[in-house]
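Step one of this worksheet: look at the structure below.
Chain nomenclature is as follows: A, B, C and D, assigned in order of appearance, with residue numbering initiated at 1 for each chain independently.
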């Protein structure tokens, strides 16, 4: 778990987006781990915090494109929780750990790959600078 | 229900002494229902404290039924004994009760206690009662002028009522007295608007140390 | 002719049936006497009495009572304003005794603007009593000769009663919501013991006329002297701002159109104020006008003069 | 069923990365605790039946490429080995493992992590033994369009009987159904099958008597006859513009509102006019005017797509010329397709005159004028059953369950098919997926709870009603007697929103508790 980046994704659009990403030949470094949930709406602050606390350097919640959530607004709920935790981490001066929300449609393989790498890089260097 | 919100984590970190053992204590009643200090929030806050830049020796968390009842506080004596500082996620009443129970431990508040109010829908609470000790709801169609009018007028509405809204916040705040007027009107009781309501007896309110309620029939 | 309750010049003029003119003077935010002197000079002889505002819009200024003494010493009769926002019943009664001791005779009882509008929004509001209860309390002090608590106004059981005798005023807003309740609210204030009211500044003459008709129909004008509020329009921006942002003031679209068409807004504003005064004089139950020309006190004399209301009559 | 877990993975012989090495994997897996045995199948997709014989009697974690799923390997496994949900877990390791990481060591390590993680979830999970909730055996369907007919046929013939109500009188008359569907033969065939079916009765709307809600269903009488009792209702409404919100569509009223409120309109605005001669000139005038105003006030690129319509109607010639001069693009089309498959929204079509193909990608707004929605009787039924009609919010076939569930009538479904943003074939495809979703759960045996159905720990529940307020399916209700929240298991879709929001951590999803999820994440 140490130094890994955990991607919590839903089993709907976000899962297909990840699949499309690999089909298109975009690879993620080994530190990325993925975990499937029914909907990103089932992600709460405890899930985010416990994983960071247990050593993950980052948690990325990967949900369906906005307005496309199967369960109406699960992805938007996740977005707000991520925002709350983000604020909390920054105010608490937590170093070297980050949370991010990413929305992806199943046809966005390259964009998803770029986004994930960029977030990992930013999250990592941000931690180191401090 | 008592409604509270979590203090900014910067404030919480400022008040906690570095390097100490912290026990975060949640309360399973009001503040759980208003999503501020229940079991889940204890976990989240504890995790944040563990990861914070400011270092503590140990962070542990527990939640009890009600921090305003001593019997429940008794249940966590051992955990408290093993900590240097107690961070209470209860309302102000709970924090003080905990202080009483553990005179040798600093008990610090993690929440700002806001008001007695109602849950108007998911994630939306509103103040409904001041606890003034002298209820007039029978006269005002069940709408409290002291709470709902931004000036707490007893003989309203004032001249700042427009389109049913209060001039203090015309976007979001209903004029309390307009609500009272409209409701009395629909109840066909507009005559209740006419009597001049006398100045309130504030001696029944919070005006001379903590108020106490003693029921001798129960005490024996 | 009703019985004279106070030693107020304003009351006597109203009792004589004169069409009175009151003005308004906002105390400055500093102890700069020159500002005050200028305002006093502008209003002296042009109005019968002048309202001295009490921390208007919840911004700290020289106190109403303090300014009233200054104004009085320069020959102008003040109407002391008292809001419920800043003082509890102890402070209000004590201040009223002090004001009376120094010669103030007119009192306007107000709720007060909410502190969030002013320069100390963090201040704790008081509102121990409201304007209705304030009116009743001042009347009780004058007519029952007791404090709000019921105690007689004397130093000890053997000494005489020396009560403050104020001419009691209040504000009335015919344009706020609920509209249909507004006359009843005046009736309630009358029952509480108010002697005169000054209305919110009138722009919607039709709405005001309807309110007045209702007031007359209920005979309230016989119990309470009604002074119609006028604020001369000085710019189009001011008019639009009041329409969009000031609660409790109605401005008809036709009026805005009228001022949009005109080239000299200030002159048109003067003309409109004069038309209003003329109409108020014709209106049954209107006992005078209250001209609120804050920070434009200099314009008042001209308006009063052109309305044919100068020189002002003497009470005695 | 033993609690021990067997991991069955395909060796990926087909992969360019080279096959997984059973020996390495087994060695690495020896350190983990939950997986008892690892079986690496040589090309699992070939001759699956024979291979399955090796893995009977335990909880199984299957890992293979997506082809295994497509080829029915897992279905076959569940059937052959008698595995219920909770006794097996499937993970797709092609996308997440082989192609995700570069070198063999990393692949193996991650695969082990994944197996370990998921086996923890599987270890905690329980097999489903839910009995389906029984329903009344009759179904009432509103609308005899494509999806109505298809649903009637799919559901009847077993133990369910179906009554079909149609606004058009007489119902099932030729020509009144499924306008725009490009396979008229299909609709005729469906109509004929419905007409001759013994299990489907068809009524005109006018024959309907009052609807009364009864326990577990409702009753309707036709032509004043005996009240018939139903457990389910299916709405298959006619063409409606509302669902087109999904692709950012407005109707004209909305468009005007935005224009009136000076809200920014930018990008490409596309008007779709796919109705024919019956389109009244006022509608066309409205569209031309809207196009003109948008063009005047914004930088938008405005397209008007026309089917057979002649724009130059008497009196409109001038307006038409004006808009054309302003740069509004007019295209006559054939074979229009509106697709929103993968987040990108594309409109494609063919110019009937020139044969040229055109394509509009991701227009800012699509404006589709036209009537639509539920008919009067269907609306009445919805009202009686306490359904909240959310119109445009029901944008995806499976989310249509939501409306049904909001009534708390377990058997009430809504099946909307003819969606305004689609051409005939789109309608058919959409309806087909809807019927599939419907069939999957609405069997003659009743409705079975989903695997991850929520459950409430009554001891922990503080009865705060957060879940009751937030459940997108209105599947969480108050249990007044015990003073706790309680899920309607047939309505719950297992999304987990309630569990995430519960402040007392009293809600758990079956086979997906927070503890097991956390443990599984830890094991990664």
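The working rule: contacts are C-beta pairs under 8 Å (C-beta built on N, C-alpha and C of every residue); 3 or more make two chains touch, one makes a residue touch a chain.
Fair warning: this is a prediction, and the values are worked out from it, not measured in the lab.
When C-beta pairs in contact are tallied for each pair of chains, A-D comes out on top. Put simply, the chain nearest the middle, going by average C-alpha positions, is B.
With centres taken as mean Cα positions, chain D sits 67 Å from chain C.
For the pair chain B and chain C, the distance between C-alpha centroids works out to 40 Å. Here the spacing of chain A and chain B, counted between their Cα centres, is 35 Å.
Centroids of chain A and chain D (each the mean of its C-alpha atoms) stand 25 Å apart. Looking at chain A, residues 44, 46, 50 sit in touch with two or more other chains.
With touch defined as above, chain C holds no residue shared between interfaces to two or more other chains.
The set of chain D residues touching two or more other chains comprises 505. Of all possible chain pairs, those that touch are A-B, A-D, B-C, B-D. Chain C makes touch with chain B in their complex at residues 84-85, 89, 111-114, 116-117, 125, 127-133, 136-137, 148, 171, 173, 176-178, 181, 184-185, 187-188, 191-192, 200, 247-248. Of all residues in chain B, those touching chain C in their complex are 150-165, 167-168, 170, 175, 178, 181-182, 193-194, 196-200, 202.
Across the complex, chain B is touched by residues 460, 462, 464-466, 469-470, 502-505 of chain D.
On chain A, the positions that touch chain D within their shared complex are 1, 4, 6, 8, 13, 16, 18-20, 22-23, 25, 27-30, 32-39, 41-44, 46-47, 50-51, 54, 65, 67-68, 70-74, 77, 81, 104-108. Looking at the complex, you find that chain B touches chain D at residues 28-29, 32-35, 38-41, 119, 121-122.
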